[in-house]
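Heads up, the next two complexes both have chain A, just with different partners, chain B and then chain C.
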Partner chain A sequence: MDQLLQHALNAMILGGTYALLGIGLTLIFGIMRVVNFTHGEVYAFGAYMMYMFVMLIGANFIVSLVLAVVLGVMLGALIEIVLLRRLRGADIDTTMLVMIGAGIAMQNSEQLVWSGVAKSINSPFPSAPLVMGAVSVSWTRLFVFAVAVVLIAATYALIQKTRLGKSMRATFQDREAAALMGVRIDRVHTATFALGSGLAAAAGALLGPVFVVYPTIGDLASLKAFAIVILGGLGSIPGATIGGFILAFMEELGAGYVSSGYRDAMGFLLIIVILLVKPTGLFARKERIG
Partner chain B sequence: MHTKTAKLALAMLGATLLAGTALAQETIKIGVTQPLTGAFAASGNYVAQGARIAEDEINAAGGVLGKKIQLVIEDNKSNPTEAVATVEKLIVRDKVPVIMGAWSSTLTLAVMPKLQEYKVPMVVETSSSGKITTSGNPYVFRISPTSEMEAVAFKPLVAKLGIKKADFLNTNNDFGIGSAAEYSKMLKGQGVAVGVMETMDPKATDFSAQLTRIKASGGDTLFVTTAVEQVTLILKQAKELQLNARIITTGGSNSPDQLIAQAGDAANGSFHTVFFPPWFPEVVTNPEPAKRYMTEWQKRGHEPGGLTEGFRGYDGIFTIAEAIKIAGKAEPAAIKDALWKTKVKGVYGNIEFIKQGPAGNESGQNIPSVYLVKIDGGKVAKSGL
Partner chain C sequence: MSRAVSLASSVAWVGFLVTLPLWMDNLYFLHVLIIAGIFIVAAMSLNLLLGYTGQLSLGHVAFFGIGAYASSLCSLGFEIHVLDVPITLAPKPVWFSMLVAVTFAGLCGWFIGKISFKVRGAYFVIVSVSFAEVTRLVALNWLELTQGPMALNNIPFLKFWFPGIGDVDILGKVPNYYLVLGVAIVTYVIIRRLVHSRAGRAMIALRENEPLATSVGIDVTRFLVLATVVSAALAGLAGAVYAHYVRIVDPDVFLFIYTVTMVIMVITGGKGTLAGPIVGGLIFGILPEVLRGFEVKPELQWIVYGVLMILIVYFLPDGIVPAVRDAWKRWTGRTGAPPAEPTGTAVPAEARP
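What follows is the complex of A and B.
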């Protein structure tokens, strides 16, 4: 029982960060139809910015977090304007190849700038964990979870309540009709990519102090994000949120009670099953094709 | 007039070409394949830096057979497919007569068939999987210890540390699986109960599920086998989950200095097997080369945490240079035969090769020293072995 409680707690905390990663990608992948291979690298970028501000400059932890996210948003906007804007009419394969190239270039730049040696980021929270009976959790992870929940709620509100969010949803439903109704598609695309990238950078900046930072951390983050988006259904924020938690629980319980060697396989096994039953993912919205 | 100029130009071109070949003949190329980027980038770069130190030291002392040696270092990107490509490139394009590589067991196992295909020997400087020297590849000469040697060396410490029940957490590749198999076999032989044997993806960063299961298993000791990045995370996460078992890391690629710097308090009380202890160089078999290597490492401003890894490259290149000297010529077949006669006073100890694997196709295996150190109060202390 103690073991089950600890597994459940681990999965909740992990799920929060998975959801954050998934939401960022579902916006980009779902709304813009860009198979975004830079997502994991923006995650790594966020973590390295956190390292730079906290460890090299000595800035306040929260201030550093905000700065890392802002820089992530700017990086996302830059990628969209420089690379994607001119590929607007291109087919999905061309865009995908460009994004794969951009991802590789970004990872190697990280290696060049920061070297391959892992960096650790000090967190201002006590290193002794919070103990509740037989289960325990670190304060840093609790903080990460809380911030993730706030960011997820804020993103959801932005999409549902603001004019920008309405434009995004309109563009996702029908690009041409939205353009005809006066939605500035270019601006929506830049904003969407920047927002999605900002969330990836936030996940990286939050998890940097929990884990250690090295140039290839983005690989696994990227893989999980794609899995979550496909699980939840393209473009669905509740889908990505719930997908993130489902993946975390599958991995945690699968590793805890079946076999840790198949920890990462568990999540993908579930995806195969869900896609067999519901090929559009759990929460895919209806969309107009053609 | 024109013909005269043309002839002159031709003559000059010829002279340059001749000079070029003469210059090329003055160096002996040695191929190196290491993971300079990707998951094992930190360690691969340390080994390459150690190799460069050896290259410069050998050349400063006049080189080998009157020629300077020249390392051709290729990046295998921590990827087995890339590793095979680097070895093929080194042999076919650069025409190197001997190679050093390829850090991880999986990478080394991937390139081994190519050595057999082109009949070029390779000195293995880091990999520990038993399969490397027992699969019948006569072109492999390993200076690092096998997991089995490490486990056997560890045997006297089982009683000393009072290990009663052990759990395992290892990376899901040839290195991790091989080490867990050898250590668990040795421990069972000593009457120690073996609890759970958990694995993790080499790229994973969250081990909460595995550690929760290990905590429930309740062993007094946890053996961890993976590279330093994951060891750091495991130490931190074990503390978060209040796992009180003693943590022992195997394989020697655990850089205790880096662990102290990055895991902080969480590193205290953990044990680590290393194959070179830079904190007390006086205990090694050959303090002379160890001091030369350490002094140069510091002079070049390399990361101090890399000292426990860089010496592998340093020793590897010295071993190869000595073999070329004995061979009397820089040709693969001669170097392969000479490696059997090579004796080097290295940082790893007295390097020489014994035969391992099926008769007729034996691989060379060195028997290096193994040390166990403990991190206590943010410092590295001796702890047997």
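What follows is the complex of A and C.
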């Protein structure tokens, strides 16, 4: 029972960052109809920026985190403007191929710059864990969870309360109608991709100090984000949030009770079950054809 | 292009490839061609999905790897314990193992197609890419069956019985070259016959306009699954040939980067054309060896591949084969010659209705 409680706690904490990853991807897919294969690489970029600022430059942990996210946002905007803007209106396969090419180039650039050796990032929090009865949790993980929750809340607020969020929702519902109503689609797309990438970079920067950083972490991050998004329904933000937590629970329980080697296979298992039982995902919207 | 010219150029090409080992005694180059040929078979199978049905299989390496592992394990034999019940398999002949591998890869294709074509859109891509990752994890973690990172070693080579000659060992460069050439020709013929059949026209119809195809009574999902099964089985065949050629298989055969290589081959050559994967496969089969000659780091090679992929999508979206054909048409049109099909390739590359 204690063990189960511990797993549940770990899953909650991991789920926060997974949700960030999933929300970023689902936003980009929902609004831009782009299957973003650079998502995992932006995640890795966030983790490496964290490594650079904290370990190489010696900057403050919080400042580094903010910088990593800001750089992730800028990288996202850059990808959108340089690669995707001219493909507006292209079919989903074309943009997917471009994103795969970009993802490959980014991952190998990371390998070239940082080498294949795994890097660890020190965190400023006390190394003694916080013990609550039978379960314990490290302070770093608590911090990660708190930041993830704040970022999720901020994203919801941005989409529901601001003018930009309104434009994004309008574009999501009907791009042409939104354009006719004076929404600047170009700007919405750039902002969406920047926001989604910022969330991925945040997830990477947050999990970097918890795990280690190496060039291919992006692959798994992409796959997990895809699993989360299919689980919640492509384009659904609440779906991605809950999907992130569900995937984290599956992984924790799978690693704890089945085999840790298959931890990363849980996402796939989840996709299969969802496609068999409810192919449109848990929180399907009206239109589901990509 | 008249039928006679087409036939003559086909014969010329095949003749050139058949006699190649007789005057080419550079074994290293032969090895490069063998590996390129195996990848061309895999790329042709991917083209069936990507080019003719318009579905991108991003886990294609899974079928390749499954073929390699299934054929190796079947020919080596294994003993595993499922819930403490021992399951043993005695070593089987290699030709039989390869058949098992092709069948098994096809079954996996059926399963993946069946679940992911319930919904259209990006689902097939995502399911296939996750499937490839899971197969890699299984190959890495199921030590009892796959030896994990220690790899399967000493995989037996194929023995082939020829009438009048008896058993021939398919061992070393020259016999394997002919094996790969034979497999490639068979794959080419299968795909060509399939895309020119009623089923192939149905696939193309649904690529061009799915609602319209459905409205004239084409069972879209059935043909998508059929294409996936054939494609997976052929990729499995490529994997089996690979396993018995290099005779060592490790979980790295499932790396995503190999799928990317196949995708680049197909889109560079021209998706939806029969010659496209061959042209693309030859370019990207030989290019890494050229780059290696300049001592280019592998990371840099992959960066070049990634950038190239983007550039092709922007500037040559249909690939080399259609571009060459259009250029040829324009050139012959301007010089007043009668409109002709390209003769540079041995095949009628155009397969669109």
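Everything below uses one rule, namely that the second predicted complex is superposed on the first by the 277 of 290 C-alpha atoms of A that agree within 3 Å, B and C clash if a C-alpha of one lies under 4 Å from a C-alpha of the other, contacts with A are read in each partner's own complex, and residues count from 1 in each chain.
The rule we apply is simple: a residue touches a chain if its C-beta (ideal position, glycine included) is under 8 Å from a C-beta of that chain, and two chains touch if they have at least 3 such contacts.
In this text, all values refer to a predicted model and were calculated from it rather than measured experimentally.
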item: Side-by-side fit of chain B and chain C on chain A, or clash; value: clash
item: Touched partner set for A:Pro279, first chain B, second chain C, both or neither; value: second
item: Chain B versus chain C as contact partner of A:Gly261, first or second or both or neither; value: both
item: Partner chain in contact with A:Gly196 - chain B first, chain C second, else both or neither; value: neither
item: Touched partner set for A:Gln111, first chain B, second chain C, both or neither; value: both
item: First, second, both or neither for A:Gly235, with chain B first and chain C second; value: neither
item: Partner chain(s) touched by A:Gly243 [first = chain B, second = chain C, both, neither]; value: neither
item: Touching partner for A:Tyr214 - first (chain B), second (chain C), both, neither; value: first
item: First (chain B), second (chain C), both or neither touched by A:Gly15; value: neither
item: First, second, both or neither for A:Met96, with chain B first and chain C second; value: second
item: Of the stretches 153-161, 171-179 or 189-197 belonging to chain B, the one that collides with chain C; value: 171-179
item: Shared chain A surface residues [contacts with chain B and with chain C]; value: 108, 111, 219-220, 261, 264
item: Complex interface listing, chain C residues touching chain A; value: 54, 56, 58, 115-116, 118-123, 125-127, 129-131, 133-134, 137-138, 140-141, 256-257, 260, 263, 267, 297, 299-300, 302-303, 305-310, 313-314, 317
item: Chain A to chain B touching residues, read off their complex; value: 2-3, 6-7, 10, 13-14, 108, 111, 115-120, 127, 129, 131, 136-138, 141, 207, 211-212, 214-217, 219-220, 251-256, 260-261, 263-264
item: Chain C-touching residues of chain A, taken from the complex the two chains share; value: 29, 35, 83, 86, 92-94, 96-98, 100-109, 111-112, 219-220, 223, 226-227, 230, 234, 259, 261-262, 264-265, 267-268, 271-272, 275-276, 279-280, 288-290
item: List of chain B residues in touch with chain A within their complex; value: 36-39, 41-42, 44-45, 172, 198-201, 203-206, 208-210, 212-213, 215-216, 228-229, 232-233, 239-242, 258, 261-266, 303, 305-306
